[in-house]
Amino acid sequence: MNGLEMTPLLLSLQLAAVTTLVLLLLGTPLAWWLARARSWVKAPIEALVAMPLVLPPTVLGFYLLVALGPQGPVGSVWRAAGGGALVFSFSGLVIGSVIYSLPFVVQPLQAAFETVGRDPLEAAETLGAGPIDRFFTVAVPLARRGFLTAATLGFAHTLGEFGVVLMIGGNIPGKTRVVSIAIYDHVESLSYAEAHVLSAVLLLFSFGVLLTVYIANRRVTRIRLS
Amino acid sequence: MSNVAARFRLSLGAFRLDVELDAPGRGVTAIFGPSGSGKTTLLRCVAGLEHAPAGRLEVNGERWQDSDAGLFVPTHKRPLGYVFQEGRLFSHLSVLANLRYAARRRSGGLSRVALERAVEWLGLGAVLDRFPERLSGGEKQRVAVARALLCGPGLLLMDEPMASLDEESKTEIFPYLERLHRELSIPMLYVSHSRAEVMRLADHVVLLDAGRVRATGPVNEITSRLDLSFGTETEIGTIAEARVVGRDDEFGLTYLEFPGGRLSLPAGRDLSLGERIRVRLLARDISLTRQRPGQTSILNVLRARVVEIRDGESVLPLVAVDTGGTVLLSRITRKSLVGLDLRPGVEVYAQIKGVALLP
Amino acid sequence: MALLALLLGGPLSAAGEVRVAVASNFAAVLAELSAEFESASGHRVLAIPGSTGKLYAQITNGAPFEVFLAADAVRPRLLEENRSAVAGTRFTYAFGRLALWSARSELEVGDGAILKSKNYRHLAIANPRTAPYGAAARQVLDRMELWQDTERRLVFGESVGQTFQFVSTGNAELGFVALSQILRPGFEASGSHWIVPSELHQPIDQQAVLLSAGRENPAAVEFVTFLRSPAARETIERFGYGVE
């Protein structure tokens, strides 16, 4: 296997890792707010968060192509602020992946926070913990399963992403040719052998990651109960 | 004088809370009433967990809420301790870590209790390393109480802390609460729907019904008022704090002293000298004579003075007599009332046939 | 319908239907051709657009298409070889023409000299491995000895359709698209373009073939014939393709 073959895989891993990190940072406050909000705004925002679940990735990709392009609302502002091109860049892929994997991170986090409920937080409040304090010392530890699920799902989902990357990536080797695109290319050009190899590596790797996460999850539970 | 002065008006759906509360700055004030009367809501308002749109709250001279002035001190800045009905221990922390959580977050405070003392007071030495899911109901509540104490509160709030416990756990935890009552110098608000708990622990009672205060006063007064649905007619009586001063092992008697005299009763074998205990003297167990009774089988005879006649026109009026420190109630027939010419100021002797130990 | 056919002097066969699988880049032209065909013959045309590769895969797996208009010559030949198509019916219906296009008004494409400059960040072409227009673009760059200089600035569209998207949204300042895409009636191409001389690349041979499923369908046979008629060829040329 020559080195170039593995670059798409490394690129995919990088994309998945960066996207997951960004989503955890952005998604946690959003999920927290959603878990506790009571205003009428909650339902529309929940629907918006869930949209990437039902939107065809190519639709999402197409609108990103326009929005992130030089005349689009995001692209023009970005360029005016001195940034480079967003389309055909790794940053653009991160933006696309963040939108596309958003519900996979926000929903488990929201569910976990909802399960935590108000009770332990009120108790912490009576013990003198301010809002930020209670969030980090009570809500987050109690919701740690949710964080694990969110990170795992976000990572795995981005790893397999195809449609959005196809639309705005430009298939540039070493920059935006992620493993899903590379496999597709091999298939389209009838190079089945390469396609098989890349797919197998991706499959094994994903399975390994998921297995590790779920085993670690069970271990944590078992220690607590002993 | 330190106290808890509160006024809250709040609507929760169809329920309306409209209370004015003035509780003393020491001792246990029980908030008593049937389910749905708003007891927990009131307690939560005092804690700041519910934000009553119209409210005033002053605790020990500090203003915690004043809606007119737009003042509302958030809960985490109020020096209070709160014991929830379900305990609400942090399941991701051990008992010790739960206690430390409180100890770390409040410095100063009116009644600073060190960690070791709290552990000793509540008997938690054996369970410090355990996690909440491995504790019994009684143990959980004791941890909850210790944790609430450790934030150095100026006010302790307890919301039916024994409601979720079985009889055995209740019996186990009562002594700890009574000890708290004796040793703490901070006021306690204790929500309960159990008469037994109130009679055993409260100094002051606030009676709540359908979101309004129906009556408020010392526990004696409240438990013995006819017009309140607190006690049934046959249970009207007086609660007194007594101390064990002696024992007669030959006859199996225990001698108690209370503000008003001395009592002896054929029970309380397991009580120790000097121990404090509450007793209940029911009106139907007390009869009156105008002269000191001679040879009578009743052991407990106390001198007293009539202070009030209630329901003088009914068949069974109630006579309130002051034994020099405690007012006792005696239920007699009207015929006797008239026959003995009992009027306020008249000297009598109260014969107490039965003394109920609380519990 | 039959009355109309009579009035127009068309053939007296009953009004039929023909299913035509067509490469996406030719779909617009097919729509125009279908209208002409329908008014002339009374037969209806059902168009199924898609990428040549996918349509090929579907046909070999039994899709009920009757005529195949591919964007290359390879797939029709393969179909002929594995008997999914009727032998002897394969022919070139159009030659793809390349255009170098910039949608940005500040760039003047001229006659391709812009490629040598540094004034653009991204040059879009279709993926040479999977799309004939991409392969042709690569050939042009090789002939102009510009592959080395431009390689780093290349972005690859999955198809010439996606390449067009990249250029039209301005994300790629320059791109090799199909001439037919720019000349499409109703589309006002902004910026400027250069029609690439066909000598600079291998012919983009777009071939058509009658599929086995359409062998017995008179409408299908008539359609294939129609494609070679002068009227059809004139339309095809008008849309920016070359004809034989």
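For clarity, chains are labelled A, B and C in written order, and residue numbers in each chain start from 1.
Heads up, the rule we're going with is that a residue touches a chain if its C-beta (ideal position, glycine included) is under 8 Å from a C-beta of that chain, and two chains touch if they have at least 3 such contacts.
Note that this is a predicted model, so its numbers are computed, not measured.
Asks: Please find which chain has its CA centre nearest to the centre of all protein CA atoms in view.
Replies: When every chain is reduced to its C-alpha mean, the one closest to the whole-protein mean is A.
Asks: Going by the average position of its CA atoms, which chain sits the greatest distance from chain C?
Replies: When every chain centre is compared against chain C, the largest gap points to B.
Asks: Indicate the whole-number Å distance between the mean C-alpha point of chain B and the mean C-alpha point of chain C.
Replies: Each chain reduced to its C-alpha mean, chain B and chain C end up 91 Å apart.
Asks: Approximately how many whole Å separate the CA-defined centres of chain A and chain B?
Replies: Averaging C-alpha atoms per chain gives centres 56 Å apart.
Asks: Round to the nearest whole Å and give the separation of the Cα centres of chain A and chain C.
Replies: 38
Asks: What residues of chain A sit close enough to touch chain C in their complex?
Replies: 62, 65-66, 68-72, 85, 87-88, 166-168, 170-172, 185, 188-189
Asks: Spell out the residues on chain A that touch chain B in their complex, using ranges where they run on.
Replies: By the definition above, chain A touches chain B via 119-120, 122-131, 133-134, 137-138, 141-142, 224-225.
Asks: Which stretch or stretches of chain C touch chain A in the complex?
Replies: The contact residues of chain C facing chain A are 53, 121-122, 124, 127, 129-130, 154-158, 162, 165-166, 169-172.
Asks: For a test of understanding, state which residues of chain B touch chain A in their complex under the given definition.
Replies: Within the complex, chain B contacts chain A at residues 47, 49, 74-77, 80-82, 84, 86, 88-92, 101-102, 105-106, 131, 133, 147-148, 151, 157.
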